[in-house]
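Take a look at the structures below.
Look at the two complexes coming up: chain A is in both, with chain B in one and chain C in the other.
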Partner chain A sequence: MNYIERDIVIIGGGPAGMAAALGAKEKAEKHKDDISILIVERSDSLGGILGQCIHDGFGLFKFNKILTGPEYSIRYEEQIAENKIEVMSSSYATKIEDGIVHVNSREGYIGLKYKAIILAMGCRERTYFNIGVSGSRPVGVYTAGTVQNLTNLANIKLGNRVVIVGSGDIGLIMARRLTLEGCKVIGVYEILPYPSGLERNIQQCLTDFNIPLHLQRSVTQIHGETHIEAVTITDYDEFQNPIKTNRITECDTVIFAVGLIPETELLPEGARLYKNTKGAFVDENNMTSVPGVFCCGNVLHVNDLVDWVSEESEYTGKCASNYIHRKKHKPCKIEVKAGDGISYVTPNSVSGTKSITFAMRVKTPHYNGADINFYDGEKLIFSKHEDSLIPSEMLHIKLSRKVMENAIAITVKTDE
Partner chain B sequence: MNKKLMCVLCPNSCSLKIEYDEKTKQISSVSGNKCKRGIQFAEQEITDPLRVLTFSVLVEGGNLPLVSTRTKKPIKLSKLIETADNLKKVKLNAPVKAGDIVYKDDICKVIATKNIPKT
Partner chain C sequence: MTDGFPQKEYDVIIIGAGVIGCMIALELSRYDISAAVLEKHSDVGQETSSRNSGVVHAGFNYTPDELRGKLCVKGNELLHSLADSLGVEFDPIGKLTIAKDEADINTLHRLKEQGEANGVPGLAIVDSEAISKIEPAASGLAALYSPTSSIINPYQLTINAAETALLNGVDFFLNTEVSEIEKTQSGFGIKTDRGGFVSKVLINCSGLYSDKICRMLGINDYTIYPCKGEYFILDRQKSGFLKTLLYPTPRKNEPGLGIHLTPTTRGNIMVGPSAEYCSLCNDYSCTRNILGALVNEAASANDSITPGDFIRHFSGLRPKLTPPEVGGNADFVIEDREDKKGFINLVGIESPGLTASPAIAQLILPMLEKHLPLSKKSVWSYQKLKPKKYKDMSTDERISAVEADPNYGDIVCRCEQVTRTELIAAWNNPLGAKSLRSIKMRTGAMMGRCQSGFCLPKIAKVLEQEFSILPEDIRSSDADTQMFETLRKSK
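And then the complex of A and B:
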């Protein structure tokens, strides 16, 4: 095996990886450090998932414009080229061990030694197997991201009568996309009493095209031996208990948009996981419990807007440069936990020596607003009122150093 | 008639509550907006909603069979399907550059949103 060395290696050349690279370079220049940065990307070009996200809604916060996925990506790709950041494309990282990432590159299998490594590989889709749908595995069953890829990049039409399971953003986007291509989208079926996707997408993908959204319903069985013929739809109560199972809808395609999971396969052995996100447990620098291993973007927690991915990743790149410059971080002994009403909060531990912006999501909708309260044990140390909170919209709250410096363990809760 | 909408003009993403007459589409009140543009947006949404169409167009001789495109400006919601049908008939030749006008008619100008180099 050939060995090469780079100071900062970034796995993934999508929006997270590109922003991390630029953040790392900017910070290194401030430190007057001459460091080598390398992006390892499995496909033949940069951009990651943005290449197949041909719809708009990107960049509203980052650039104050409404861009399509590819347009957002081009802005970063141009900066990567301008900054002459090295990219190793068509190269797949297989494992991280003892400070070396193994990569299956075009030049053969290599061992890439790093001082800091930033994981930015994004996430994968939950499948119908994860949610226990029964059937004989006929043709016509897909996850929404796969349909998006095949429709927008490969020019493949999958079917004519489509049922979409799950009201996640990708499912909503594909409902519109397929309708524009001439398919009949019979409906979107969501098991919860409220939709998981952004309000904007419900309006512009379903309401605009009169595609029905069925709440408290899901597909539980797929009929058809070699090809889909129909599906059984089950009605649920508000606690996801099945109450009625007797609708059969004829269709030839079923698309599952039932959630995304951080792609954590590459995390080295011993890296602590955070079960609320299924991503890594990270400190205030987005560094995992393995020194020098950082995470950012969807690999850390699934974001709803790429604008947040870019901010978080640029910050992580800067932290990686700081780590190399100083060779260590301030110890992060204050653990931050998600309490009542909060499904997760990140980062998971802080030092109390600098202000930190926490990202979090609420467990259930609070349409009339709620207070987000930070407790140190029993003591309330910070509170912020937010109007209208829903699980699908990530919340960012900044806490100053002063508020956290004497804390021992922080819990975040909602109080309505 | 009541309608709830999210304004998409700026990052504030105000939740608008609009009261209007179903027949005449005359708006009697708009609330939730942080600026005047929200009111204009509400009026547009009720009387004549506009949307950006994003679609893929066939390309020959490129590294991908399709190029992603968008209407340069939002067009009438009622014209989305018709425009999509027109774009299905377009065949481009690589290379295509992001920003190139790939289709034009009375309703809209459609531009490429990514680069498709020749294979």
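And then the complex of A and C:
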């Protein structure tokens, strides 16, 4: 096999990969290290999922602007070009084995040797099979991201009367998009008692377009022989127990926006996973349990704002540069766990030698606010009050070195 | 019968291009006779043949006086080498039929005797220690171990058999549905939605519709009772725990063989099938109450499995001769009808039909010979073996493949690592089947954990680039399964 050697290899040229590359370069320059960085991207251009996100709302925090996905991406693509960061596009990383990334492209099947590798491949969509939807399997059932791609990039229309399952952001965005494209969106159906997407998307995508949002409801069965004709809608109680069913007729398309799952298939064998996110278990440098292997962006945990992806990834890139410079990080023996009321927290282990910004989500909404409490065993070491917390909005809380330096094991909980 | 169209004449016409029809076609292609297969779907193997466990049974579940037992044992033996010649995925992984109580153990002893009487080699009753040694994921009081039980890719078998038959002179008429049959002096006149056919001999391999075809000839002896079996497919990443077929001891009057765990040749594990009678022959819907049972079954074998680990839920229909009130299952009907000379009738070929298929094909020959002289062709060959799938290639093989053909460097389906080269070859298949399902069955694309979420747009793009297929011309399976509308104009 032909080999190429680079100091830092980044798998994925979306917002995470690009920010990581720039962060890595910046830090290397500070160290006065001359390091080689390579982005491996499977499609023919950079940008990742942003390319199909033609709606705006990106960059509010990062650039103080409201940009579309491609506009946000271009800002990074330009920096990548300016910084002369090497990109291999239309190149697919098939596996990481014995410290080598196998990459497939029309130019050949090669091996990449690296000192540090940053995985930034993003996530995939949960399917209706994963959630046990029964019935026939006719034409007309899709996941939201696929519909977004087909509608926005391929100029393909899938149907005229649409039911959307799941009130996550992508479902809401597609409700609006398809309405603008001339479809009738019959409704958005959400199994939980509250919507999963951002508040502003509920307003701008549903309310503004008179698209009904049905809470505590979901599609449980599909009807139709060659094409969808109808769906069975089931009502649920607030604990997702089914109560009753009724039927909607005359829909020809069902779009499932029922969750995103980190695409961790490339993780080398032995990398510890974090059950709560289905992403990798990482230390305070976003390094996995496999030395030199880092994760950032949606492959680590599913973000709601690309601005946070950029921040997290830039930080990860810097950590990767540090790792190469010093050949290792401080040992991270303090494990950080999600306790009551918290669905996940990342990173999962810290050294207690530097301040860390934790990203987390609450399990249920706290519309009147709640305290986020960090415990070392039984001892409360830090508390922050947050107004109005909802699961769909990621929370970032910074803890100083001083707070953590003597901790043994940290648990994060909410107390209302 | 003539409707203005010129009639196509053949010595033999086979109705139905499932695994039975295609294996018979394969066998007939060795002889100097003209033959054609009529198939209503847009591709071969679209019904029961591609919707089953993919198991090649040993043959101990049948009494020695039954035809299906003999055909199963013979078919098992034939498939061990035929799979090789046809280039079909096949793995002799063996099977453990698990006993949970004393009654089960008695049944196992009976089955062992029965199997031996049928000529099944290598059967052994093993104790719980041996069970764990053979298959760490299994546990039980005792088990019947059958080393000749194997797994195969059933739709690949159907396709490759059809393609070899085609290569050797059998014509395949896809998208051709039989509507009327007339018994004539010299044989049969067949009316379809694509014109008329005439043949000396007619072989009924129409599976779920075999009773319907019979009735077209005025034969009212049979009724097919479709009996649905639902399956769940487990993510390959969670499928490593099982390497052997695991079945429960069969219970009397159960219409199927019980819910079991089946490794597949693609590396996934399938859980199922259930068995419920249904009323329609094309009702492939999946039911929610079975979901729970199947998930429990998987979880009892491996407690790390959760509902989210299942990537697909599908169903198949058994063409049963036994009605719901009787239950159980009946022997194959394979008959050369005296009342309609030249009509070779196959009815109720449910399990072990897949296993028995090559043996069934051989059984047809002496029946055929009563109506047609059969002389073997001097020139006959298997289809050239298809190149190894990219996903199965070693690193060195991949390096060479991409160097020789850069289209191997373009991965179209991420989950199953299917390349542009394979997509092109699948679309160019010799049978002329052109649908997403045809691509799926030949390449494995769209069968992965994202269930075409990522690859659907890419596949549509490649079809347009390579074959000028516009999105609105793409079909999911048959002609009436259009998927897309677009504003693009044809070039």
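Going forward, the second predicted complex is superposed on the first by the 416 of 416 C-alpha atoms of A that agree within 3 Å, B and C clash if a C-alpha of one lies under 4 Å from a C-alpha of the other, contacts with A are read in each partner's own complex, and residues count from 1 in each chain.
As a convention for this text, a contact is a pair of C-beta atoms (placed from the backbone, for glycine too) under 8 Å apart; a residue touches a chain by one contact, two chains touch by 3 or more.
This is a predicted model, so every value here is computed, not measured.
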Joint occupancy of chain A by chain B and chain C, clash or fit: fit
Contacts of A:His55 with chain B and chain C, given as first, second, both or neither: first
Partner chain in contact with A:Ala154 - chain B first, chain C second, else both or neither: both
Contacts of A:Ser400 with chain B and chain C, given as first, second, both or neither: neither
Of chain C and chain B, partner touching more chain A residues: C
First, second, both or neither for A:Ser383, with chain B first and chain C second: neither
Which superposed partner A:Glu199 touches (first chain B, second chain C, both, neither): first
Vertex chain A, arms to chain B and chain C (CA centres, degrees, nearest 10): 110
Partner chain(s) touched by A:Glu71 [first = chain B, second = chain C, both, neither]: first
Minimum C-alpha separation between chain B and chain C after superposing on chain A, in Å: 8
Residues of chain A contacting chain B in one complex and chain C in the other: 153-155
Touching residues on chain B, where the partner in the complex is chain A: 5-6, 8, 10-11, 13, 15, 49, 51-56, 58, 64-66, 68-70, 77, 80-81, 84, 98, 113-115
Of chain A, residues touching chain B in the complex: 51, 54-57, 60-61, 64, 66, 68-71, 73-74, 151-155, 179-181, 199-200, 203-204, 208, 388
List of chain A residues in touch with chain C within their complex: 1-2, 42, 90, 92, 94, 102, 104-109, 124-127, 129-132, 134-139, 142-143, 145-146, 149-150, 153-158, 220-223, 225-227, 265
Chain A contact footprint on chain C (complex, rising order): 237, 282-288, 291, 307-308, 310-314, 395-396, 398-399, 401-403, 406-411, 414, 417, 449-454, 456-457, 460-461, 471, 476, 478, 480-488
